[in-house]
Amino acid sequence: MRNSGFDVLLSLNNLRRLMLGLGGTLEIAAVSVAVSVILGVLCGFAMMSKNRAVYALFRVYLEAFRIVPILVWLFLFFFGSAIVFGANLEGWFVSVLVFSLWGTAEMGDLVRGTVLSIPAHQWQSAEAIGLTPWQVRRFVIIPQTLRRIAPSAINLVTRMVKTTSLVVFVGVTDILRVGKQIIEFNMMKNPMASFWIYGFIFLIYFLICYPISRFSKKLEEKWSY
Amino acid sequence: MTAQKRDVILDIKGLRKSYGDKIVLNGVDICVERGEAVVIIGPSGCGKTTLLRCVNGLETHQGGTITIDGREAGSKNFDWILVRQKVGMVFQSYDLFPHMTVLENILLGPLRAQKRTREEASGQAIRLLERVGLADRVNDFPRQLSGGQRQRIAIVRALCMNPDIMLFDEVTASLDPEMVREVLDVILGVARQGMTMMIVTHEMGFARVAADKVIFMEGGVIAEEGPAKEFFTLPKTERARRFLNTFYFE
Amino acid sequence: MNVGFIADAIPIYGRAIIVTLRIAVLGILFSLVIGVICGLVAYCKMKAVDKLTRGYIELSRNTPLVIQLFFLYYGLPKLGVMLSNEACAVIGLSFLGGSYMAESLRGGLEAVSKVQVELGLSIGLDTFQLIRFVVFPQAMAVAVPALGANCVFLIKETSVLSIIALRDLMSVTKELIGMYYNTTESLLLLVVCYLLILLPVSFGLTFLERRVRYAEFGV
């Protein structure tokens, strides 16, 4: 071991490949977050319907995703698809599907909880000054909901980004898999590669998640009144 | 109750305290002798609560001296933890420790801080509880008690440490009116037994009966002080007269 | 559905459950220890150490367990730190869980009112006694729901342990699917096993939470 092996991170080619892998990871996260936010908001409003069966159904869906580990869900969809379709669905698709289903449930619960947490007198006093039902929502309810929901919704994004690290289990070429390939390729030349590569990936995840959770905490402090 | 030889237990000289720009205590001198009951009155924000809190080390003062039992606060052989065991304090909020029964509440100090035996301390606790009429509640939790009952327990908790001096900080101010009397009766009983005490209160009727000496504070300084009888019948200063008048409807 | 296969597979899954549980229990215990220490450091505002624990908490909360484990198991040995995969699993889980427990506990500690602290001081307790007898018991009661949720979270997180070659439920399932193609049965057993572990824990915690919330100290 003549050198520290740090040069494995200095190779432009290696860095480019790692970043491509990271791009794949972030792509899955971005698509899942987008789907979750859109469907989650719809889901949340649907859940406020007075229909008990609809609510019960949502509750079961939410609890199912909460009690069973996400990785088990990935396995169910990945290997289970072979039973249903005769062939495995692609890892990328399974990942987006599972993360979106999970994110939608969590987001829906957040939306529902937040809207319900806005006190009734806000609706009443808004109506009392003569606003139309649409105006009540537009100027009173939605702005307050947005403020209250922002910190936890952003927190959910951090959780989803961290969860994307699971895609390596269903054969997606993400940053971890690329890292593994680089390490194997450099096995003889650079036995220290795994320390630097995995350390680097560790740092990358931190550099992505930390600012997001900082932002969420800042919003929480700023908007708590 | 006038002692022949002065037996000073608490001596406060030139006490100063401020929060930022706001001066709360601006040079206060008080001397409390053993067995004396000193009542401090005055309008809200005059610094009387802060004064008590300084005596128990819950606030740090910025100027002047506090000497308790011959030892000056801040000097080398002075330890607030030890001093507080000899200075009992009862607060306006009638809080007990919510996770402990009445008996555990009372015994926490004697057992942990003073390292006394459970046998001896609980004997004293029960006797004190009997005196305040709450012996049947030893195993209750604070939630099960009324505000007045809790405040009486809080007094017992402080008494059970065998303090040299007791500090009462507006102990009836947060209570429902019908519970004020039971608490004041207990304090009066303690005073009659010769306990040294400093009482901050807005109950003028009680102050008149309980006090040996009355101190009237305003704007962070002592505006007037004197024996209770003189103060309430013939206050010397105009300010004290005006303050006392706010309590009467005529 | 192949009943014979399920019967044969049950002992294999049983052993895997034990591996998962052993690591989860150890991980949760160490997490609590780390959490109590870091929570108290944050509560007491110990200046120098506070920076350190703050850094640890942010690092641990903002990185996935999978990545932490990869670094521990494949990266660190290059520096001469050799750990068995079980040790890695416990360390990784505790590293992750410690920060979650610390945050929950800090929340509980900060919920204890200032009046309670002053009460404790006024009867002459020292700092240690104050925390031990007055602040900590009350903080725990507030923190129980959050601590419980962390336990469930940590048990679920153990599902990634196969990545460091531990024979847990996930690796057993993958193996059986690969060898015998009894996909339905294997997946069914996998889900059943996780429910067997998680449902009782989850119900137990709901029960505990209700007791702490409604029976608050003697009603």
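First chain written, first letter: the chains are A, B and C, and each begins at residue 1.
Note that in this section a residue touches a chain if its C-beta (ideal position, glycine included) is under 8 Å from a C-beta of that chain, and two chains touch if they have at least 3 such contacts.
This structure is a prediction, so every number in the text was calculated from the model and none was measured.
Colleague: Removing chain B only, and moving nothing else, give me the connected sets of chains.
Modeller: Minus chain B, contact groups: still one piece.
Colleague: Name the chain whose C-alpha centroid is most distant from the C-alpha centroid of chain A.
Modeller: When every chain centre is compared against chain A, the largest gap points to B.
Colleague: Kindly work out which chain lies most centrally, taking the average of its C-alpha atoms as its position.
Modeller: C
Colleague: Taking the mean of the C-alpha atoms as each chain's centre, how many Å separate chain B from chain C?
Modeller: From the centre of chain B to the centre of chain C is 47 Å.
Colleague: Measure off the straight-line distance from the CA centroid of chain A to the CA centroid of chain B, and report it in whole Å.
Modeller: Those two chain centres are 57 Å apart.
Colleague: For chain A and chain C, what's the span in angstrom between their mean Cα positions?
Modeller: Inter-chain centre distance comes to 21 Å.
Colleague: Multi-chain contacts only, two chains or more: what residues does chain A have there?
Modeller: none
Colleague: Sort out for me which residues of chain A touch chain C in the complex.
Modeller: 5, 67-72, 75-76, 79-80, 82-83, 158, 162-166, 168-169, 176, 183, 191-192, 194-199, 201-202, 205-206, 209-210, 213
Colleague: Could you pull out which chain C residues touch chain B in their complex?
Modeller: 113, 115-116, 118-126, 129, 133-134, 137-138, 141, 216-219
Colleague: Contact residues on chain C for chain A in the complex?
Modeller: Residues in contact with chain A: 58-59, 61-68, 70-71, 74-76, 78-79, 152, 156-157, 159-160, 163, 170, 173-174, 177, 183-184, 186-187, 190-191, 194-195, 198-199, 202.
Colleague: Which part of chain B faces chain C closely enough to touch in the complex?
Modeller: 56-58, 81-85, 87-89, 91, 93, 95-101, 108-109, 112-114, 140-144, 157-158, 161
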